[in-house]
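Got a structure here, written out as C-alpha cells. Questions coming.
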C-alpha cells in the first residue's frame, strides 16, 4: 500500500519551521525557474538546490519517491512523445517512427522538468502540515478582492485543502475497495477489463458517498466557511522574509 | 489442512520515519473446523494479521501458508473469505443481491445455483428476500454489517475470517450470527473471529489467541483463558469474588446458566444449614 | 430543569419511503445522561441525526434550545450546541493528521490558536491518544480511529454530545477510558446522549430510552426499565449481572431484586 503519496512528515528542521507563505512563494519561484530553464546545466543547478533542501530538511528519499513513483508512467509518456515527435537528426527508428537526437534531449529535459516539479511539490507537502498550508494560502488570498466574486478566502483555501485531502481519501477508499474485491475473488491480472469495471463503478459511487459524508462531517462540526481560526497561526518573521529573499536571489542568478 | 503462520513479522512503511512494526515474530496454526477467537487491545495488530490470511499483505519476514500454498497464491482467495472491519468499505453493489453475489460469481457460480447460494446466505443471517432489491447503502449500521457478512458467507470459503463481525449487532443478530458460525464449523469450515467481546464468546470458541503490541501473548482454550487472561467475563469476576468471600463456588465459570446453578446450589445448602 | 432537546410527534421517512421514525416524543433536559438502545434498524441513528439537523422531520417538530430545526438559519447555532460522534468513524475525518482533525471543530468556532492548542491537548489526553497526534487518521486501527473521532467532538466543548455506538470497536480498557471521559464531561454539566447495544454501559445513566420499529417503547431510569419491561422482546440483551440477578429472583431467592452492578449483587448475596 502506497500511503506516502504527498504525505506530510513531521519534523523540526528550518524548512519545517518556515512560514508557509514563504514556502509557497518559493515554490512559485522554483516552478518558474524550472520552466524557463532550458539546458542541462540549468537543470543540474535545480537538482543541486533540490538536494540541498532535502538535506537541510532531512526528508527521507522514500517520501520523495513515493510521490514520483505513481507518476512515472506519465513521465515516460512525455519522454516517448518528445523522443519520436521532434524533428532532427535520426537516432533510430521504430515502427516507422524516427527517434531523434533533438527529441532525446528535449524529452529528457521535459520529463526532468516535471520530475523536479513533482519532487519540489512533494518536498513542500512533506515539510508543511496541510492545515498550515491552508492557512498560508488563505492569508495570501485575503488581500484579493474575492468578496466581490461572492466567495471568501476561507472558502477558496478550504476548497484547495479539500482537494489536497481528497487525493489520499480517494486513494484510501480505492485500496480498501480493491482489497475487498480481491478477497472476494476478483482477479486483476487474468481479467483486467472486468477488474476495471468492478473497481471503477463502485469507486465513482464511493467518491460521491465519501464527498457527501465528508460534507456531513464538516457541517456537523460547525464549518461555515467564515471566520475560521487556525491551530497553527503562522507569524511572518524577519528571518522568514530574509530566507525568501535569499532563495529568490539565488534562483534568479543561477538559472 | 490448515493455515500455518511461521515467524511472521510485518512493518508498515518500512524505511521511513513512519515505520511501524505491527506484528512481531508470530507463529500459530489453525486447523479445519476450528472456531478461533483473536483478541487484544486496539492497535495491537489484529486487522494486520487478518490481512495476511489471504495474502493482501505480504510478511516483511516469515511465512503464511494456507493448505500448504503461499497465502498470496490465487487459489487461496477462494478458500479464505475475509470480512474487513468497516462494512461500508466492503459494500459496493447497486443492490443487496448484486453485492452478495459478487463473490460467488467471481468463483464461477451462475444462474440458479448462484441465486440459491445468495438467498441461503442472506437467510442464514435472518434477512427476507425482499431486502435483495434495496441499496446496501440505505441500511442501518448493523444491517450493513450483516449484508457484508452474507457477501463473504455466500462464497462458501473453507476458512472464514471475520474482523469484528459482532460490533454494532443487536443481541438477536449476534445470536443468529453466532449460531450460523457454529453451524459452519460443524461442516468443517474454520471460523476465525477477531473481536473485543471475547468474554461473551468464550462458550463458542475452541481456541483463543491474544495479541499485545504486535506480539502473540496468549494461545489456548477457553478454560486456560479464564485462568490467565487480562480481562475476564463479568460473571467470572463475580464468581471469583464470591469465592474470596468464603463461598464454595467454582470460579472457572463464564456462562450465565452455570453461574445460576452454582449460586443456587450454594444458596440452597447455606439456607439448609441456616435452618 | 431547562429543556435542551424537544421532540414532538416526530415522523421521518427516507426518500425511498422507509418509515424510520413514527410519532416519537422525547424531551431531554440540560445536563441529563440519556441512553438510547434498540435492535438493528429500530431508528436510533435516524433519531439522533435529527438532533443536529442532519435530518429534518417529515412531520412533527424537533427543537434544540428552543430553536426549531426546520429553519435553516438556526442550523449553525444548533450544531454549535450539539456535537455528534457518528457510527462507523471511517469517513468522518477531515484533517490529515490526528492533531489537525481534532483541531478542525475549534478552528471553525474561530477560537484563538492558543485556546485551540489547549483544547486539542486536553481531548487527546482524555482519549489517551496523544502519541498518535502526527499519524494520519486513515492509517490507524479501527479502535484508534474511533477514539480520534470522539476527541474531535470533545475538543469543541459543546453543551450536548451525541455518541452513536462509539464503543463498538473498543477493547474493554479503551471502553472504560471512553466511559470515564463521558462520565467526566457529564459531571461538568454536559448533556450526554449515548446510543449503544451494550446495556452494561448504561448503569450510570439518568434515563434509558428503548426504541423499536421507529417508536419509543420505554423511557425511564435503567432500573425501572429492567424491572418493568421484557427487553428480550425488543432484541436487547440484559447485562449479565442484571440477567443473573433476575434469574435468581425469579427462582425465589429473596432480597436480590434487580442488581445493576456486580458489587450490588455481591452485596445482596453475601451481606
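Chains: A, B and C, in written order; residue numbering restarts at 1 for each.
By our rule, a contact is a pair of C-beta atoms (placed from the backbone, for glycine too) under 8 Å apart; a residue touches a chain by one contact, two chains touch by 3 or more.
Treat the numbers as computed from the prediction; the structure is a model and nothing was measured.
With chains as nodes and touching pairs as edges, the resulting graph is complete, every pair of chains being joined.
Ranked by C-beta contact pairs, the top pair of chains is B-C. Subunit B and subunit C, compared by their mean Cα positions, are separated by 26 Å. Centres computed as Cα averages put subunit A at a distance of 40 Å from subunit C. Looking at subunit B, residues 18, 86, 89 sit in touch with two or more other chains. In subunit C, 91, 139 are the positions where the chain touches two or more neighbouring chains simultaneously. Shown for subunit A are the residues that touch two or more other chains, namely 3, 7, 10, 209.
Taken in their complex, subunit C has these residues touching subunit B: 14, 16, 18, 38-41, 45, 87-88, 90-91, 135, 139-144, 146-147, 165, 168-175, 197, 200, 232, 235-237, 239-241, 243-244, 247-248, 251, 253, 262, 265-266, 269-270.
Those residues of subunit B that touch subunit A in the shared complex are 13, 15-18, 51, 54, 56, 74, 77-78, 80-82, 84, 86, 89-90, 92-93, 102-103, 106-107, 137, 151-152, 155. Residues 52, 54, 75-76, 79-80, 83-84, 86, 91-97, 99-100, 103-113, 116-117, 120, 134, 136, 138-139, 152-153, 156 of subunit C touch subunit A in their complex. Within the complex formed with subunit B, the residues of subunit A that make contact are 3-4, 7, 9-11, 60, 62-63, 173, 176-177, 179-187, 198, 201-202, 205-206, 209.
Across the complex, subunit A meets subunit C through its residues 3, 7-8, 10, 129-131, 164-165, 168-169, 172, 209-210, 213-214, 216-224, 227-233.
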